[in-house]
Each structure stands twice: as structure tokens, then as C-alpha cells.
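Take a look at the structures listed below.
Here chain A shows up in two complexes: once beside chain B, once beside chain C.
Take a look at the complex of A and B:
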């Protein structure tokens, strides 16, 4: 059996996916990126190879993606994460026309067709507002883990309004709300709503066309999914492998390119 | 007259090395070559803020016009932020910062014109902060339909010329103006030849190289710039190159604040062959050679109206910017358009609405990117351009 790999080096986490000749995902691995981007990419890839129960030499083609795509030094090619997320999501759900990808430090909205070709896209500016980092900082101030904040935000009765979407100054805002006696749930409701509003404003620049999918690390946060649905007024599709869509797309590009080379 | 920099450049027989030398020259926030020109020629130095400035008049009056296009990513803005709001573009602030940090001491004067509100106010800010400097503001006509707009601009140029003669002490004759027009005709024609070469062979003459050759003319005297362009043309014609799997684009929106040279390279490396652009438009303002046997001042005024490029800082109700861009794409054989606009650039952002509609109607793909001259890292723009290239090549 021949395999094809995609390695998505994100700012916070690195994902590796292996697909087989049929394009089915046979391994998926997630590691923290840390400070040594090349090593993180290698580690994720080798763990995916082990998870698939195969050998390095059975992987025919490797595509790197994500902000650290050029650090996948053992790869054959690079494709941007936008093209890869589009490719990945079209593979798991061809009805999706708008992809919202929220990662650790960026957010993107991508308009695609049924084959996963990118028709339009927009990226956030260099600002952590509207990204996973904003949620991470908020969780830190409230002394909660990232896994806790989404479900607890759903318990908000009267979500607070934040006066800033600045990832640095949100800390002051949260402390002020705590001092005023607001519950953690209401504060988290406000935090998720603020991020969702920011991302939806970005997505409206390419136009919202159904079905809408959420990908990237933040897709694991159920509070964020609900907040986006509330602001968009449409249901949001979240694949069980939403976190791996970039790596899956990269692996699918690897498969296409290997087959093209083989003729 | 020959500057040391130019003497060295003329010895270089490799275009890539030549461009590295030019970069040192035009990215220098201390303007050492300008100081040398001043020492060698004794001419007063006049800074021309973008976009368009009638350099022929400054040259004819015995001054050396220097294109003053901000400071790129070479200096920190530590003073200018106190004079302007945070939503003002970088080139306004960095140009003022050059003044506030005493880097414009060799400049006797600076000339501005009606590009946008911050640029208009920059002239007043310079007057207030540097009362000893010769600061001028050219009021270009806003209504270009009537013949009287040429009369008006001729009068405005004569007013400017009177002020210039006070500064330089030289009495300017019509022959002086026509001689200067002839020199700048030659420089513009050579730049046009290089632009045509780049359009046909973007894999041989890159935009990074072409940009550097044009930008050097913002510092060098026009006589030296002509020698540089002639030298570069000789090198380009024998330079090898391999065609690349790139898309061919027209780039618009960068007519005033300039992206750094590394950002231009990043865009090319991300998969663009740029066939035409509006970088440094002011020095390529006229679409053909101007006559050199008439009333020189009126020739320049008339050419501003009737023989010049369309631009975001010039309103001409006889022409439609969107239609001209679409025609430019079709005639050049480009695949797409990059609308590359500096952050907070109102004229550029206003025109994006016009371009976007025209391009969508014509079915021409485009990508909108924003930049700032002070950028050091280009990963966002590079990702945007790569994705755009992929979306066209992978279709």
C-alpha cells in the first residue's frame, strides 16, 4: 500500500495526516508546535507513520502546509493552508461552500466550490482578536482550561459585553467584570460572542453561502460553534476531524501530485 | 559630474549585483548620495513628495529634484505619531519623521500636492515645524474637461517657477525648460523600454530589478539616471532567464506609499509575474515624449491634462479607471490583477470599489492585499498571493 502525507504546521499545534490510495484517512496526529518548528513537523509525521502501522519509505509524497509549511523540510511540496482547508472540507462534505477556519493566531474565511477549489478568501490582519489566542488568554485570566470554556459559555444567562477585542486588554475587561460580580459563565458568553462577531464580520467580506463549516483548532470549542451560529443565523457543520482539515487537504494534494507524477 | 555610487554602479556587469548596489542608494535614510550630489553640483535640493511633481521645472531652475517617498522600513517612527492620528498612512509619518530627526538637512525645500487629506496637511505641518525650509504646495486642477484647466495650471507652474527662481537665484528661460523636458523625455523613454521588456520577459527582468532601476532615479540626477538606465538595458538584453510556472498579473494601488523591495520580491516568489504596475508613477507620468520646441511651461501643463496616466490621485471625468484597467489586462495578456493598497490609503481604497466592479463584470480574477512600508515580515501577503496563484493554477 502506498500512502500520502499532509503536515500542517500551525502557530500553536502541528497536525499530520496520512491517506491511502483511495484518499481515506488512515492516521492523524496532533503535537504542540513549540519553538522548534522543523522538529515538530518531523515528530508529527513520524507519529502518523507509526499510527498507520507503515514505514517511512511507504509514504510516496508529502505536502507541507500552514504558516510553517516551508519548515517541512522533508516534504516534496508546499500548499497554503487556505487551499488545503478547502480541499479537506470538500472531501468530507462536498455541500460546504463557506469555510471558517479559526486557528491559534489567525482566522480565515474561504469560499469554495463543490470540488474544493478556492473561489475567494480573506485572512485576518495581524491581530489576535478573533482567534484562538483571544480565547486562550481569556481562559488563562479565569484560571480555566481551554476545554472548559466552551461548555461553560453555553450556561451564560446574561452574557456580558466586552469593551475591547484586544487580546491584551481583554484581561482588564474580564477582571473588571469579575469585580462587578458577573459570573464566569456570563463573562465567557461575552468572550465567545465577541470572537464570533469579529470572525463573522471577516467572513461577510467573502459572503456567507450555505453550507458553512468551521475548521481549525477552535472548532473543538462548542461554545464558539454556537456563538457563530447565533451571529450567522445558519447551522455550522463541524467535522469530527475539523482540526485536521488542513493536514487532510495537504495529504489529498500529496496524493494527487504523486499520481500525476506517476502518470 | 559623477557620484562615487554611480561610478561604481557603471562597473557592475551583473544586473542582480547592480540592483543590490542601487538598493543601498535609495534605501538610505541619511541620503548620503544626495549630500554628495549637492556638494558636487552646488545645486539646492528639492524633495518631491509623491505622486506627481513637475521635476522638469526644478531641474530647469537649477535645483536637484529628489523623490521623497518616505523612509520605508529603515527608521522607527518616534516623533511623527505626535503630529498625526493613528489612522494615517505610513509614508506621511515616515516623511515627517525624516524631517523631525534632522535627516532632511540637505534639503532646501519640499513640494507637496493634492493627493489626499493627510498629504495636503503634511505640507502645512512641514511649514509649521520647519519655518526655514522652502515648502510649496501645487494645486493641480480638479476639473480637466475645460481648456481653462491648462491656463490655470500654466499659471500655477509659473507661480512655482517664480518661487523657485527666488530660491536658486537663476533666471529660467524657455530654452532651459525645454532642455529639461528633453532630458526627462529620454529618461522616461528608457524606463518605458524597460517596462515593455519586463512585460514581455518578466522571468528575465524581474519587478524587483525594474523597480530598483526606476527608484534610483529618485535620488540620482536625471543625467546619471539616464546613464544608469542605458547601462541596465545593455545588461538586461544579455541576461539569461527561465520561464516560471507563475501567473501573469497587473498590479495597481501602489502609486504613492511604496512597498519594501523585499515585499515586491515576496510577491514575485509567491508566483506572480508582474507585467505592469503603478509603482513610482510620478516619474513615468507622461504617456509619450513631450514636445521640446514650444512654450515649455504650457507644454507641461497641457501634458498633465492630456498626455498622462490615469491615477487614483487624478480625477478625470473623460476617462473610466475600471475600463482602462480591464483594457490594460486584455492588451497585456495578464491573467489577473493584484490590487495592492497601503493601509489607510483613501484614494487607493476608494478606487478599489471601481476596480472590483469592473473586474468582476469582465470576469477577471483579482486579489486585494494591504501593506505598510514599515513591514519586515511578509508571511500574510505571501500566503494570500500563494493561495491566489494556487486557485488559478489548480483550477
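Take a look at the complex of A and C:
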């Protein structure tokens, strides 16, 4: 059996996926990127090889993606995460036309067709508001884990209105809401709504067309999914492997390119 | 993937020599020799009038961008920020003010003090304030030429607009007489305008050449090389000779079907000024994909020759007025700007449009979000909007820039592979 790998090196987490000749996902691994990006990429890849119960030699082609794509030094090629997310999502759900991807430090909206061809895309520029970092900072001030904030935000009765969209200043803003006696749930409701508003404004620039999918690390946050649905007024599709869409797309590119090389 | 070999010809070397001469003249003027300097602005510049009095045109915008290309602008920008200029101010202004406070010693020349601050107010209102600051700092007199914005839908200036500008240019003449100590000589002006006419002829032909495939030069990265002489030397024999030489060199390339890259894989149009401090990096990001720019709106801030403008020696002042009013990008309304880019995409046969939005320049950047939507959604032209700055290197993030450009090129590649037609 031949395998094809995609390694998605993000700012906080690195993902590796292996697909087989049929394009089915046979392994997926997630590790923290940490400070040694090259090592993280390698570790994720080797763990995926082990998970698939195969050997490194059986992996024909490797594509790196994400900000650290050039750090996948053992890879054959690089493809941007925009193309990879599009390809990955089209593979798992061909009805998707708009992909919203929220990662640790960036957010993007991608318009695609049924084959995963990118029609248009926009990304946040030079500002981390509307990204996972905004949520992370908020969780930190509230002394909560990232897994907790989503579900608890759903219990908000009267979400607070944050007075800032700045990822740094949000901390003082949250503290002042706490001082005013607002509940943690209401504050979290406000935080999620603020991020959603930013992301939706970005996504509207490419035009929202159904179905809409959320990918990237933040897709695991149910509070964010609900907040986006609320702001967009459409249901959002979240694949159980949403977090791995970039790596999956990269693996599918690897498969395609290996086959092209083989003729 | 295409290699990063670029075209470097005689026209690049000659440009360098001519601009060095020009900068030497600036330094000499600063030392009190040679001609007095008159500061003016690029957009729709009436440089012919200065040349007719043998005055030396000094463009602070050129000084700022030359400093930025050499990656030496940041200390000047920071100097201006220390003085209280906001981070949001136009970075050309900050680099220039910082330069003034650093003894006017730019990397390529010592900038002479202005004998006159000529504000050709074409489009950007920053011009007015910038020159006011310089007047305050240098004590030099200001002469404002107020150019009415094109207000009609067809983009034609009214007869009153034209008369209004002509009158101001006529009022400028005695001011220039006083500064130069020379009498106004209409024949001399006609001679200067004749050089500009011929320069414009060559330049217009050069700008049309990239309609061919392959384009013989890059209409962004190589065109900016030619923009220096177009402003600094227009109206002179050297300027005209330069453009004749450039034209002849490019003609040969057309005959040989040579392009700026080993292979022209993609043809793109670009809107907006370049990121001067990262010009090279920016260029390589496209070159590695085999992408060539076949047209650029930025190369028309000084005039729209390829769309028909010519100076007229039989009617010199009026033709200068028309240049300022009608025939340069910055005085045009949005519909005209859209139409220009649309024509580039269609008539120059481009695969897509890149919009380089510049943080510190409102004149260019305002409305580019809508522009992106118009091209991407209404015209179905693959369009990429990227953001950085023309002067301040702190706004250029290579990794982010590259991701956007690569993603855009990947999708163009895909379009080509599957034979998608617009």
C-alpha cells in the first residue's frame, strides 16, 4: 500500500494526516508546535506513520502547509493552507461553498466550488482580533481552559458588549466587566460574539454562499460555532475532522501530485 | 517553477546614470551652485514650466522612495514620529520631514532647500499640508495650483476648469521669473514642451508593448525604473533621448520575443504603489511563479500617456493644464479608475488583478475593498488584495504576504490546468 502525507504546521499546533491510494484518511495526529517547528513537523509526521501501522518508506509524497510549510524540510512540496483547507473540505463535504477557517493567529474565508477550487479568499491582516488568540487570552484572564469557554458561553443570558476589538486590551475589558459583577457566562457570550462579528465581517467580503463550513482549531469550540451561526443566520457544517482539514487537503495534494508524477 | 532571472538592460543602467547625475545636480544646488530648486509633486506635475526657466525640479516623493528602496527610511520616519507625527500619517511625509531634521542628507544626495514650494494639488490633500509644513520649516514661499477634481461622469473637465488652471499657471510665470532671474521666453517653453511631447510618444508606445505575449518588460517593476526619468528629466533632451533609447531596446526584445522572466506563465495587472523597501522580495514572490505584470496603474500617477495624452508645443500652457486636470490617475474618479484597470485586464490580456493596498496612503487605498469586490464578483476576474506600505518597512510581513500570493497563484495555476476560462 502506498500512502501520501500532509503536514500542516500552524502557529500553535501541527497536524499530520496520511491518506491511502483511495484518498481515505488512515491517520491523523496533532502535536503542539512549540519552539522547534522543524521537529514538531517531523514528530507529527512520524506519529502519523506509526498510527497507520506502516513505514516511512511507504509514504510516497509529502506536502507541507500552514505558516511553517517551509519547515517541513522532509517534504516534497508546499501548498498554502488556503488551497489545502479548500481541498480538504471539498473531499469530506462537496456541498460546501464557503469555508471559514479560524486558527490560532489568523482567520480566513475561502470561497470554493464542488471540486475544492478556490474562487476567492480573504484573510485577516496584522491583527489577531477575530482569531483563536482572542479567545485564548480571554480564557486566560478568566482562569479557564480553552475547552471550557465554548460550552459556558452558551449559558450566557445577557452577553456583555465588549468595548474593544483588541486582543491585548480585551483583558482589561474583561476585568472591568468582572468588577461590575457580570457573570463569567455573560462575559464569555460577549467574547464569542465579538470574535464572530469580526470573522463574519471578513467572510462577507467573499460573499456567504451555503453550505458554510468552519475549519481550523477553533471549530472544536461549540460556543464559536453557535455564535457564528447566530451572526450569519445560516447553519454551519463542522466536520468531526475539521481541525485536520488543512493537513487532509495537503495529503490529498500529495496523492494527486504523486499520481501525476507516476503518470 | 521559474527561476529568478530578471531582465536588466541598457535602460536600467542608463537610468541609474541619469538619476545619479540628477542627484548630483541636487547636491550641487544644495551647495549653492547651479540652479535653484523648486519642490513639486509627482501627480500631474507641470515640470515643463520649471525647465523653461532652467530651475531644478525636486520631488520629495522621489527622495522618500529612493531612501526606502535603500531600506534607510525607517530612522527618518521614526524621527518624525518622535516629533509627533502619527503612525497613521503618510510615510512619505514622515520620511521627508525626518530627512529635513537630519540635515537633508539623503543616501543618494544632499537635498537642496527649496526656492519655491510649488503645490500642484492634484488629488491628494496631504500635499497641501506637507508643503505647509515644509514652508514652516524652510521659510520658502508656497505657490498653490488648485486643480479641480474631475466631477463629471464622463471625466471631462469643464471649460471653466481649464481656464481656471491656465490662469493659475500664467500667474506662476512671474513667480518663476523672480526665482530664476530669467525672463519668460515662450519659444523656450515650446522647445521644452516639444521634448515632453516626444518623451510621451515613446513612453506611450512602451506602455502598449506588454499587450504582446510575452511582454518585453515588467510593466510594474521595470516601469518604475523608467518613472524616475519621466518626472525628473521630462522636458529635457536627455529625458527624450532616454526614452528613445529605452523604446529602441524594448523593440528589439519584442522582435526576439524576450520577456523579463525565462518563461511568462501568468500575466497580471497591479493597482497601487509598490512596497519600496521590499521591492525585490515582492518581485521575487511573483517571479518564482513566472508571473509578469503587463500593466500597472501606479505607473500612471504622473500621466496617462498610453490612453492618449500628449503635450502640445503649439499650445503649451493649455496642454500642461490638461495634463494636470484630466490626464493623470490621481485626479480621476473611481469609475474612471475602475475603467482603466478593466481596460488593462481586457486589452492587455491579463489572468488576474493584484491590488497592493498601502497603509499610509489614503489617496490610493480608499475604496480598494470595493474595487476588489467589483473585479472579483462582478467581472469575475481573479483578484488578490494584499496590504503593506510604500515606505514604512514595519508594515511588510514577508510570511503573510507570501502566503497570500502563493494561494492566489495556486488558484490561478489550477484555473489554467483545468482550462477554466473567465
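Basically, the second predicted complex is superposed on the first by the 263 of 263 C-alpha atoms of A that agree within 3 Å, B and C clash if a C-alpha of one lies under 4 Å from a C-alpha of the other, contacts with A are read in each partner's own complex, and residues count from 1 in each chain.
Note that contacts are C-beta pairs under 8 Å (C-beta built on N, C-alpha and C of every residue); 3 or more make two chains touch, one makes a residue touch a chain.
Note that the structure is predicted; figures quoted are calculated from it, not measured.
For the composite obtained by overlaying on chain A, chain B and chain C cannot both be accommodated without a clash.
Which of chain B and chain C touches more residues of chain A: that partner is C.
Residue contacts after overlaying the shared chain place A:60 against neither chain B nor chain C. When the shared chain is aligned, chain B and chain C each come close enough to touch A:121. After overlaying the two complexes on the shared chain, residue contacts for A:207 are found with chain C alone; chain B is out of touch. Shared contact residues on chain A (touching chain B in one structure, chain C in the other): 67, 79-83, 117-119, 121, 123, 125-126. Residues 67, 79-83, 117-119, 121, 123, 125-126 of chain A touch chain B in their complex. Interface residues of chain B, counted against chain A in their complex, comprise 370, 379-380, 383-384, 386-387, 390-391, 394-395.
Residues 67, 78-83, 115, 117-123, 125-126, 205-207 of chain A are the ones touching chain C in the complex. Residues 369, 372-373, 376-377, 382-383, 385, 387, 395, 397, 399-400, 403-404, 406-407, 410-411, 414-415, 418, 420 of chain C touch chain A in their complex.
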